[in-house]
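Submitted below is the structure of interest, expressed as structure tokens.
Chain nomenclature is as follows: A, B, C, D, E and F, assigned in order of appearance, with residue numbering initiated at 1 for each chain independently.
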């Protein structure tokens, strides 16, 4: 059965990563994956969470939110309910863990980078776009620190990118748009390094459990997608790229 | 004394109003005034606030927020403090009042338009940009209702636009950027109709009171700025414009 | 058309300012303007907001609230909704800005005065009464500091008072009661110094925009009203008055 | 040892109950007990709590709060902490239970009276003053309902008043002011009917437990105090009094 | 009329106090009184509330909560409403006061014990069970401090236990289960020391006031119940018991 | 290297599932996995979330919380911070999704089961224990509905159980205790059906990414563990078991 935008099952949507999207953040990126658009701004702060005070080690954390009309139906702002949306809470923990997986906390030193991922427009895959774009924003913020002579090198041990894969009409497909996502039988978010190892893996059977064989096929698709995303990340940074 | 960007005292920054900026909202606008960028999305809902239930009358309300890194220093999200920022509360009430001033509540009928103004990047004048861009988003959402046959005409009795004016080094200036705003002796936000009448006027002496003569000069500047903004609004809508 | 209490259009309601109304506050005032009654208590604290720590400069801030049954219909307490009322947020920011306009922050030194304005009974003009009465409470608290030898003079550079004016049935009127306020075509809150300059000006067209000519007539009424209120402030303080 | 204001151990402070203190509430009372001043406003609402919907029975509830500067040191407002003060929570539950003890819920019918007790100035005994004054506000609100022909008689089966008693320097004393309260060895709040029965009794050993004999002496003082307060309640209402 | 479980009017339900119920807390107790089961965990912290900082004195505080399905109908968690339940607020203040009544704050030194009382299953009398069990948890936590050489003796001046008594069908009864509690004409929570003095007394007329004679009979029952509970407390601690 | 409790790498801790642990819930289970103890109570409610109203379909949701002293250091209650713990938010969403994976929503009909998972004592694996025990509580609640004639069969299409696996010192191990968990290089929570298919898979590289080969070995361990847990679930239910 054809995909809504006629892509092949192993084909990603168009990816566009714009650096320097806003002017205030130490690292600022707009990532577009098809119609999904996420603004990722990385801020460097000189204080760390209490459990790291005095340790000399750094930290990376993330916050994730959707603008009220990023989706087809308007979602009230969190503040109007006085509650952080449960889905946002789950996603921002995932983004933070993923980025910290390649962080050299000693090289960063006792400072914190906060990566704000704000979804301007949603069409599936916003958490994966946040990780992929957030990585570039983090890299840029780190390079700013290097350029300012505050740290001696970018404190990242590798690349991290994420893509969603799923099973639709029994077939594994790569990079689901919203329409596909809402009808998938299984849905995985795969976070991988530039060298093809796993950083985080979250797979959910939506209508039914999934088998080991299906998982194997999904992981292969995920590897293909994240490899492409890592290339896009390096391209976005351009000649400045190094790790 | 020269302005930071060498503008004349009665010169506005470059204004750009992009319609259809996001795909889900009934009316979507990105307004840029110099480096200030505000995303204005208008959402139509079929329910009204309790005090209007059963009245047959419509309502327009607004919400305003800054993305955490819209400014030079990161601001924590409201939800992290569980409190709506006092400044945001004040501003969104101003936006709502300003837009309602030209609303024909009977023609809109018993439905509500929520205008979300989210500041992507701030460099002074965000509340005025929100009113000016929010007006276009509201107009577009109304036209969507007309096109869908839900109402018979755009329920707006005129145009509304806003600009900031202030006194800097003793001289009245138009459309203050952040640097100017933070050193101004007086600061006014002037909301006017397309016919040059006042919708709302908020003037504050920052370091010292201001005189009646100064007020008179500020109001003249405001009229000039809002007239230009009204032209930009009509230009953004293009041939579809009518009221 | 006659006003509900048969006042002339440029006539204020009876004003009564009672000093020393409660016994604990450094400055305590009950202000009555017609049936509107606001308790203004000024508290001196030895700490300042974070952005002033170590600066040697002082600060004045205000909080505003209505008792639940100050109005015709009972309003739930903010705490029952876990949200500061948006109108209160807007008003308390206005009160704070107005009082700071005449504050000599160096003479006050690194301490803060909090002016609590609690509306006991509301009949229109509560924000203006809060500014006018709050000014006297602030003055009294400052004098208490002088009497205790903590500062050498009252750190205020002038007087501040506020009055509402509006357009009713096409005519400008002074000091609107609730009934007038709820039917006015325009509504201004005018905050002026004892010397007749503007501290803050907030004018809103309620049902329709207002013209420059109407504004001019409203400002003249405002000047008359605030001049009378400044006389009442000095009378309330009595022989101790000096600045 | 002499009491701060030289009262006898079994002597109450001056009590003053002013009815009709504010103009909007169905029942409004200012009660003063020495320097303690509490504004009690009773509001009638046509809806009852969910557990009574459709029962035909009425309800009385209470809310209690201190104005920020009712006390010697300013207390932040509940809303600034987003938490109802624990002490206020405890007290307003006590007030509500005490007033409901004499409520004829059938005669009141399916409506609710909310008694707001706001402490203008505190000098000990504010919860007891709230009960005593709140009772009069409730009575007045009920009479308003009778006068409007909504119910046929005041739905109260008797009077309720409250007084604090305590042990100071080993001696039982009546109606403690703040200074006495803060040094008492035991502290009781005694809520009684006009016929001398107990509605609620809350006794706390502050520095040490208290004995059965001490309790007996405290209860006798409480009976004396509440009897006087019941006389004051009737006097405040005047000729209209009936039950 | 017979009690639901056929007890005599002056007979308590079966009491079981299990020490060391969980492994992490400094003092951990499960108390069962009939079907009521409360887990009481005492935690020692090295910091005290601000008002005691630097005083060298210690503090004991308590928190009380019901698990959502401790009762017949599920109660939403406090966090889902963002409000501490008013009944919980009242109860945890009572538990804290009761335990502090026998605390030697100097011997404890500048540290705080927090006694968490979580109701696993409720069948009446949960606040009294919390006090009785919380006392044992507190004692155990203090002994842990002694064993670790941090303080030289258990800083408690006596025992504290609590029981509910009430009037049912006109007869005073001891230790009410939920069914009895919900139909009682009066309901008292009596907190007493091991030597039979009062720590706290809270008596409420539920449907009608109660008389002095009824109170006297209730207090006698309370003394009997708390004496038994004190024996159970000592038995639970076993040979280690000393004060 | 030996495990703290000398288990083999593929050996689970002792599992004990006690049914009917509390008396009020429709399904009540205490699950113990080593020192980890979680109380799982399933409540049936006759209303469903708004998005299912009128659909005839049922829903299962979960809430997860730790008692304050379930852990080595006391955690403040969520209500004291007015925020649902981010980790709890993430976990309760996982529990809900896992249980819904085997729910036949039509057979359940338009009612909701809420599964409350409260951690009494934590020693690693609390989310997996919550899923495994929560499943039994859900099954019991469903059977209660069958016994009451409300639905005709248990609306579950299979079993669900969960176990944690991880890499410690380079070796995959099954069912990590807290000490192991805090030093693992990778950590997976594997939720499987009784037939060995995947319901949800969450794998995180803690200090480093993990490889595909490591994942394969971890999944095999997970299958072994969940198979054992499914046997324990059936044993706990006993002869009543059927699906």
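The definition used in the following text is that contacts are C-beta pairs under 8 Å (C-beta built on N, C-alpha and C of every residue); 3 or more make two chains touch, one makes a residue touch a chain.
Because the structure is predicted, anything quoted here is derived from the model rather than measured.
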Between chain D and chain E, the fewest steps along chains that touch one another: 1
Cα superposition angle of chain C on its copy chain E, in degrees to the nearest 5: 120
Euclidean distance of C-alpha centroids - chain B vs chain C, Å: 28
Between chain E and chain B, distance of the C-alpha-averaged centres to the nearest whole Å: 59
Mean-CA-position distance for chain B and chain A (Å): 33
Chain C: positions in contact with at least two other chains: 82-84
Category of the chain touch graph - line, ring, star, complete, other: ring
Going round from chain D, first to chain E: chain order: D, E, F, A, B, C
Residue numbers on chain D that touch chain E, as the complex places them: 82-84, 86-87, 89-90, 92-93, 97, 101, 158, 188, 192-193, 195, 197-205, 208-212, 215, 219
Interface residues, chain B side, partner chain A - complex: 22-25, 28, 35, 39, 41, 43, 45, 63, 65, 67-72, 74, 77-79, 82-84, 114, 116, 118, 120-122
